[in-house]
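Each of the next two complexes has chain A plus one more chain, namely chain B in the first and chain C in the second.
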Partner chain A sequence: MMANLFSIFEPSSSIFNFSLNWISTLLGLMFIPYLYWASPSRWSLCWSEIIFTLHKEFKALLTPYSLGSTLFFVGLFSMILYNNFLGLLPYVFTSSSHMAMTLALSLPLWVTLMLSGWINHTQHMFAHLVPQGTPSILMPFMVLIETISNIIRPGTLAVRLAANMIAGHLLLTLLGNTGPSMSSSIILSMLIFSQILLLTLESAVAIIQSYVFAVLSTLYTGEIN
Partner chain B sequence: MGFGEYPPEYNAKIHGPYDPARYYGKADIPFGQVKLGELGSWVGRRNMSGIPGAVSRAFWRWNHKYMLPKKTGFAPFAQLMVGCMIVFYSINYGKMVHHRNHKYHW
Partner chain C sequence: MTVSPEGLQEVRPLVLVRPTSTSAVQRAEQRDEANFPRPVRPVEPGKVRLGFVPEEWFQFLYPKTGVTGPYVLGLGLTTFLCSKEIYVMEHEYYTGISILLMVVYAVKKFGPVIGQTLDKKIEDIEQSWRDYREGSIIQVKESMEKEKEAQLSAKGQDMLFDAKRENVALQLEAAYRERLARVHSEVKKRLDYQLEVANVKTRLQQKHMVDWIVKNVKGSITPAQEAATLKQCMADLKALAPKA
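Showing the complex of A and B:
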């Protein structure tokens, strides 16, 4: 039974209450093109274009020591992109709206970066706590602020993605649920029009949020060297 | 036939390069041409352990037709999206079927 407004975010399916809905996380794999023939297909070229643009963007942000990790961040981007985008389709589950998934992405990443940074480049990490050009009086406060901002990074990465997805879906659901009981057709057409606009916005947000997640992860990686 | 191996009937010298969409076993009457009386024997001749191979060949046939040609359109993505929607609708059907009896819809 739909007990509350957030029932669309429940991963339990109706088949013996197994959480089958989580397979939407891996469905994006089906959309990525294969290269079977020597000359690539149109979608293959399109996808390669997107991936190479991202690779160039991330290459500019990463230091020479960690250039190989653009592969990881581009993969992260595409996974989150497909998850966000497929979640906009009717009846399809949005797995990136769950903190379970977004934290599972951001927390291991951040912990790895912190551990490798503090163990291998301790001096460098301490130096990063004070930005360039800080007046001497402000330094203790800057260290405190930078430490706190460092600690909340996995939280912000995870919550930003999950909250954006939930907010968009919630708005669409709320608008949609007033539709059936509407008697005036003018207001109904306005409602449908605003839903179409919201859907366009949500598609853009889906792409942007995945990009933001990947870029911020790249920046955090570039900082430890 | 193990996972990732060629089918036992495939012979590189006879068949040429391997095509994952082609069935290399003994040719049988296509389903559209089977007479009604022969239906039982036709079903009996089916190889139930070859279902993963059949799924794989169907997947590659779909790819060859829709995704891999040089000038594709939007059709394969539309088919994939509709397929996703159908799968998730069927998974969640039991939860949704009660909505028509509810007064308040959340």
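Showing the complex of A and C:
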């Protein structure tokens, strides 16, 4: 039984105080096809098309110096996608709704980019703080603003993903909670219908948010050169 | 869409395993095909009923419970779980129902279309392999034909060499004869020259001799003899004149 509305997000299944919920992060590995045969199956072809499209997308955004990192970003995308998408299914824990996980993804990434950018391309990073075409009077403010936007980047990446997931799940839970106390079946069918709509939205949001995360990370990577 | 085994058959070579261990276990030189058959790629997915329950389970229960057995089992089990509140139908349940309806709808509506598109793409990939294989075979056959032609033309080269050899011999012969003729003419020129020189010498000698004789003879004619000869000639002419 739910203590409060947010208890759906609590990692609850545990062995000796060791939360097992987080294993759902790795559930996506079960869905990635493995190629034993030379000829692809339907799902394996589908998956290859998806990640190849992503690879082309990211390749366009990255500089020639860092083209190999499409592997990392496509992997990041798939992990977040599976986490978001499978979290919509009943009884699957959504690990990307926790700041613990999203911050764990975005903060090391951002720190890496900042360190490598500022140590290796200091001049370039300083130049990036002032966008092209700003009037000279505004330059100090621009530097301030850009610095702040740079600093809050890991926060925005993490919070965007977590908040979107939490919001979606909260709405679904709220709708579903009225189910057991439903009397007439007409309202029940309306409930199911609205849940279907919401789920459509949530699936789209799941995919979009993972894509946004990956694309923004790619952009930040491309910026340091 | 089937992958014909004849099309993609390859000869698996015998892998001889050299025993490196001292244990008594003998490793077979050939794979035991009866007990450990090689995996075959399944073309169609496994048969299911109701979309997710494998057909094998129904077959397993058929001898004991008949045709309706598995269905009764499913219905009874779910009823038991729900009525005893072992499975509580709370918010996740309604989410599950919505998802089930969505998935069934999506599979029924978009499933065949997507399946056909993907199957076509797979067929294209396999066709490209087959085309490559066929193309290689055709190319190799063509190069075999070309090789045979090259061999034939190489045989013709022998005759060509003989003709060329003959040609060269003819040229050499012609050159030799021409030089011979030249030598002949040169020698003849030299000899002609010598001949001319000798002729000229003889002529000069003769002329000189004649002149000398004539000079001497003319010199030896005394005037008395000259006058007497002239007189005699006049008399002869006078004697001849009336006769003419």
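As a working rule, the second predicted complex is superposed on the first by the 218 of 225 C-alpha atoms of A that agree within 3 Å, B and C clash if a C-alpha of one lies under 4 Å from a C-alpha of the other, contacts with A are read in each partner's own complex, and residues count from 1 in each chain.
Simple rule for what comes next: a residue touches a chain if its C-beta (ideal position, glycine included) is under 8 Å from a C-beta of that chain, and two chains touch if they have at least 3 such contacts.
Fair warning: this is a prediction, and the values are worked out from it, not measured in the lab.
Chemist: Looking at the overlay, does A:37 come into contact with chain B only (first), chain C only (second), both, or neither?
Modeler: Both partners, chain B and chain C.
Chemist: Should A:195 be classified as contacting the first partner (chain B), the second (chain C), both, or neither?
Modeler: Only chain C is touched by A:195; chain B is not.
Chemist: In the overlaid three-chain picture, which partner chain does A:177 touch, first (chain B) or second (chain C), both, or neither?
Modeler: Touch partners of A:177: chain B and chain C.
Chemist: Answer with first, second, both or neither: which of chain B and chain C does A:24 touch in the superposed model?
Modeler: first
Chemist: Mind working out whether A:90 is in touch with chain B, chain C, both or neither, as first, second, both or neither?
Modeler: After superposition on chain A, A:90 lies in contact with both partners, chain B and chain C.
Chemist: Name the contact category of A:99: first (chain B only), second (chain C only), both, or neither.
Modeler: neither
Chemist: Using the superposition on chain A as set up above, list the residues of chain A that contact both chain B and chain C.
Modeler: In chain A, positions 2, 36-37, 39, 41-42, 89-91, 173, 177, 180 sit in both the chain B and chain C interfaces.
Chemist: Would you mind writing out the residues of chain A in touch with chain B in their complex?
Modeler: Within the complex, chain A contacts chain B at residues 1-5, 7, 13-15, 20-21, 24, 27, 30-31, 33-34, 36-37, 39, 41-43, 86, 89-93, 173, 177, 180.
Chemist: Under the definition above, what is the set of chain A residues touching chain C in their complex?
Modeler: So the residues of chain A touching chain C come out as 2, 8, 36-37, 39-42, 45-46, 49, 88-91, 172-173, 175-177, 179-180, 191-192, 195-196, 199-200.
Chemist: Hey, which residues of chain B end up touching chain A in the complex?
Modeler: Residue positions touching the partner: 63-64, 67-72, 76-77, 80-81, 84-85, 88-89, 91-96, 98-99, 102, 105-106.
Chemist: Applying the document's contact rule, which stretches of chain C touch chain A when the two form their complex?
Modeler: Those in contact with chain A are residues 3, 39, 41, 89-99, 101-102, 115, 118-119, 121-122, 125-126.
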